[in-house]
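Same chain, two partners: chain A is paired with chain B first, then with chain C.
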Partner chain A sequence: MSGFIDTLQFVFAPQIINGLSIGVAVVLMALGLTIIFGLLDVINMAHGEFYALGAYVGVTLMAIGVNFWVVLLLVPLIMAPLGYMTERLFIQRVFHQKDRHILTLLLTFGLAIVLEDVYKLIYGPQALSVKTPIGGGSEVLGVFFPNYRLFLMAIGAVIIVGVWLLVYRTSLGAMVRAAAFDKDMASSLGVPVSHVYAGTFAFGVALAGLAGVLLAPVYSVFPTMGKDFILLAFSVVIVGGLGSIKGALIAGLVLTQIQAISSLYISPSWTDPLVFAIMVAVLMIRPQGLFGRLGHA
Partner chain B sequence: MNSSQLFCRMLLTALAAGFSGIASAQPAEPIKIGVLTPLSGTYASLGQQVRWGIELATKEINDAGGIMGRKVELLFEDEEANPAVATPKAEKLFQVSKVDFLTGTVSSASTLAVGQVAERNDRLMATTVSFSDAITGDKCSPNVFRVNAKAGQQSVALAEWLSKAKPDAKVFYLGPDYEMGRSTVHAFKAAAEAKGAKTVGEVFAPLDNKDYSPFFGQIRAARPNVMYTSVAGNDTVRLFNQMSEYGLLRNLTVVGASGTVTSQNLGAMGKNAEGFTTGVGYSVDLDIPENKKFVAAFEAAYKAAPDLYGADSYGVMYFYKAAVEKAHSTDTAKVRAAMEGLAWMTPQGKKTMRAGDHQAVQDMYVTSLKDGRFKVLSKVDGAAAIGPDTCKRF
Partner chain C sequence: MRDSTSAVLGALPSRPVLQREDVARNVLRWFAYVFVALALLFAVIAQVHGDVFFFRLATEALIYGGFAMGVDLLLGYTGLLSLGHALFFGLGAYTSAVVLKGLAPSFWLALAVTLCVSTVVGAIAGIIAIRARGVYFALITFGMAEVLAKAVFNTQELGGSDGIIGVPVIKANFLFFTVDTGNAAHFFFLVLAVIMVFYFALEALLRTPFGRLVVAIKANEDRVPFLGFNAQRHKLGIFVIAANVTALSGALYPMLRGFVSPELLYFHSSGNAVITVILGGVGTLIGPLFGSVILTGLKSIIGSYTEHHLIVIGLLFMCSVMFFPKGIVGSLKGLVESWLARRKEQS
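For the complex of A and B:
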């Protein structure tokens, strides 16, 4: 019996906590993706590259001597206008055409390819490492755990709750949901729909950039970093239901826990295919995902 | 024939004679050597040592009059530790730049792939870094030589040491998931189990893996007292630092491949690499006159200490020089015949190229990190560490 408790504490607990810290990171990525889809009906294939852009902007600021915590505040403020402009300059142009699903998907996909090579040209193909701003570790449930991962979970939870409150409890969020539900009706009631669209896209991009800075000390910064994460984030969004914040949160945490526990028994390299298999199964059994769309819930 | 025609003819003859006279007075055409090595990516730090070692030896050789009076010219290409990048660049070096000899490949996967390109182009190549036993084993090639110690040679010395230092070893294996990782883990597992060590688990992480924390669950569950790893370059930095953050280095003896911790990545790990023990073919401390001279010249030129890659890559230039001078030619077949069985001096002492599988035989050492420097703990003779010749292709 004591052996079982020991295994629980020494083997399972750290794996679950670690899965949670990765889960929070994935949810941060999936949130921006799902909000942009839920409102704009745009699948943003460049989301991972905006995540990388956030990390690169952060690295650049830190290189000129800006403190990590200040960078954490600055990066979303820099990313939001970039997202706003991307929406107005590129996506608006193809948004109102009939086959906009295909067009926006291809447009953002192209943007992703261009951005990735731009990073390579400016910063080179090497991974840039970022020093962990909070070093050391603490005992949690009798298990040694790095402080930065604990911080990551805490700040991730705060951001997720903040986004939830913003979308569901403020008049700004109500405008966003109204525009998503029926853009003509919302527009006739005085909601500036085109600004709401661009603003929401900017918000999603800022979230991706913030995630980029937060995860830079864990994963380091390199041109293809967006690709590594975007597939997992997409799976989370699809399993949770495209456009659903609740779905992204629950699916993100559940899928990363499945990865964490299964990697005790199979090679961790095989846990990605496992998640994709779950995604395929969900698409076959319940194509709309576990939860409904933003504004429809 | 009138007189003006005769004059023209005489002029042409004189000119032709004059030109041929000038041509023979000019220095002979340089010998071109392609260096295909990772200059970017996770193995860039390994490529840096390769480049330094080769450039230092080339400068010495050229200053002393070159090889058979011909200067050596180096042509560098970045292979990114990726066989898909390495093969077209090797093809380019052979066919467009017309290099006489190729070296520098780091990743075992690149070496195996580039070896096939060398075979198709009927040129010779040598690796100074790759560990995989297959390169001079079941995937050996008549056109490929290896001047550094393979995984099997490293394992013999290390397993011998481990059986004495940790008689009750419960070993967990973590390797990079490609040719080199699989080969090094396999070689050390065989050697350690033969000496009585128990295997409690093994796992392979992708090359250039960023976050090792998902792999720690299996390490915890297996409760090893020894971990063997063969990750290299920046992967080692991430692995060791993350293991330290998660408190996994406590009560754990970490051993590994000789390229896992080198002077190039040690700085980024500091204390976290302390105590790391490996079987290796080179140490800065080796008390050999050639080594003292090499270390002094290396440190003066690059303000950094050489590691095994720098030493082996320095040695390959003298290997090629000795072979060409013995063959009196750069012709592939003649140089190959000269290389087989060749003995030459390196900073690691005398090495011999075994004719049967093109694997260099050399003395092996067990070294351990103490206060940021590798100290030699024990030595195994080259003949005892080399193992049987398993190459069946030539």
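For the complex of A and C:
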């Protein structure tokens, strides 16, 4: 019996908590993706690159001596206008055409290529490490964890709750949901739909940037850092249902837990295929994902 | 059968509509003739200068053009955007490399095995992917390619991250003569012939009832079953054919380079094919070949100044999506057609 508890404590608990800290990060990425899709019907292929951009902006600010906590506040404020401009300059142009799904996907894909190479040009291809702002560790359930990971989970939970409240409990969120549900009706009721679109894109981009800074001390910063994450984030969004905040949250936590626990039994290089297999299975049974989409719930 | 398939397009097309379609197809065929003529012209000039580098570069452009043709078959004719077509290109390249190195250095055997393997894998991948539509299809294909790339990267038997090196130079046997893949000029002609055979075969395929139905699926997928046709089966069929074309193009790659590496399977590779299709002209089949030549040339030129050529390519691609979504051949085709129509009115 005590052997079982020991296994639970020393084998499973660390995996579960590590999985949770990755899960929170993935959920932050997936939230931005799913909100942008839910409202604009745009698959943002450059989302991973915006995540990297957040990290690079953070690294640059820290290099000129700005405190990490101030950077954490500044990055979303810098990223949001960039996101707003991206929507206005590029996505608006193809948004009203017939096959806008594919055109916007291609456009953001082109943007991703450009951004990645720009990072290489400015910062070089090597990985930049970021000093952990909270050192040390604490004991949880008798196992030692870095404090920063615990902080990451806490702040991630705060952000997720914050986003949920913003979308479902404020009048701003109601405007966004109204525009997603029926843009003509929302427009005739006085919702500035095109600004809501650009604003939502900016919000998603700011979230990706914030995730980038938050994870920089854990994973270090390099030009393709977004790519390694984006497939997992897409799987999460698809399993949860494109456009669903609740779905992104639940699927994000469940899939990363499956990854964490299955890596005890299979080689870690096969955990990604496993998650993908789950995504395919979900798509075959429930093509719209587990939960409905933003504004349609 | 002809009547029933034309009914699929919604209404019975009147005579002028059919004529316009014929004109469009003939214009595209002329673009194909121009392409072959330009390729031969290039070969003559390169041969006179005794060049090897540009022959190799042009052969590579043709191979990537074949890859992109498979993507265009899905995107331009069926309305399915595949973001993971590198799966089949890499599959063909690896299969061919394994056959040439491990089994026998035979051109035809490599192509035959690739055809079989890509049919099986294409059918499995197709069954998974075609259930999904639009962006879901794009993301599933994207994911499948990523998974296979990771699997190959982690498989030591396939060389892992190094890939397979030392694929032998072979002699392709054509009964009356043989082509040495080590000879840059001869191999260029071989690849040109193979790719153009693909082009004309696909063009003929699209004229058959099967091909007309595939186009109908792009126009309105929901309407197809109401007319008594199985949309899913046709989608699967065209998916497998697109996989075959891309894999067979991939099979030529190790003959040119002598090695294959997991990079062929990466998203970068799939993305490149999509860029090629959009730049060249989506839904034209010949457009991707022009696109591939232009893109390969651009990369080579910009690459000699800076290693950051992707910034230029990416910006060009974004501009193309925003301002010239029809691509080069698509835009030119429109001009030629309206010129032909004007001339006809005058006469």
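Heads up, the rule we're going with is that the second predicted complex is superposed on the first by the 297 of 297 C-alpha atoms of A that agree within 3 Å, B and C clash if a C-alpha of one lies under 4 Å from a C-alpha of the other, contacts with A are read in each partner's own complex, and residues count from 1 in each chain.
The definition used in the following text is that a residue touches a chain if its C-beta (ideal position, glycine included) is under 8 Å from a C-beta of that chain, and two chains touch if they have at least 3 such contacts.
Computed from a predicted structure; not experimentally measured.
Look at chain A after the overlay: chain B and chain C fit there side by side.
By the touch criterion defined above, A:P287 lies against chain C but remains apart from chain B after alignment on the C-alpha atoms of chain A. Once the two complexes are overlaid on the shared chain, A:I43 sits against chain C while remaining clear of chain B.
Between the Cα centres of chain B and chain C, as seen from that of chain A, there is an angle of 70°, stated in steps of 10. After overlaying the two complexes on the shared chain, residue contacts for A:F276 are found with chain C alone; chain B is out of touch. Within the superposed three-chain model, A:L264 lies in touch with chain B and out of touch with chain C [touch as defined at top].
More residues of chain A are touched by C (comparison of chain B with chain C). Figure legend note: chain B and chain C, brought together by superposition on chain A, show a least Cα distance of 5 Å. Residues 267, 269 of chain A are contacted both by chain B in one complex and by chain C in the other.
Those residues of chain C lying in contact with chain A across their complex are 75, 79, 81, 83, 128, 131-132, 134-136, 138-140, 142-144, 146-147, 150-151, 154, 267, 271, 274-275, 278, 308, 310-311, 313-315, 317-318, 321-322, 325.
Put simply, chain A touches chain B in their complex at residues 7, 10-11, 14-15, 18, 22, 124-127, 129, 132, 137, 144-146, 148-149, 218-220, 228, 259-260, 263-264, 267-269, 271. Residues 37, 43, 90, 93-94, 97, 99, 101-103, 105-107, 109-114, 116-118, 120-121, 227, 231, 234-235, 238, 242, 267, 269, 272-273, 276, 279-280, 283-284, 287 of chain A are the ones that touch chain C when the two sit in their complex.
Residues 40-42, 44, 80, 177, 203-206, 208, 210-211, 213-218, 220-221, 234, 237-238, 242, 245-247, 268 of chain B are the ones that touch chain A when the two sit in their complex.
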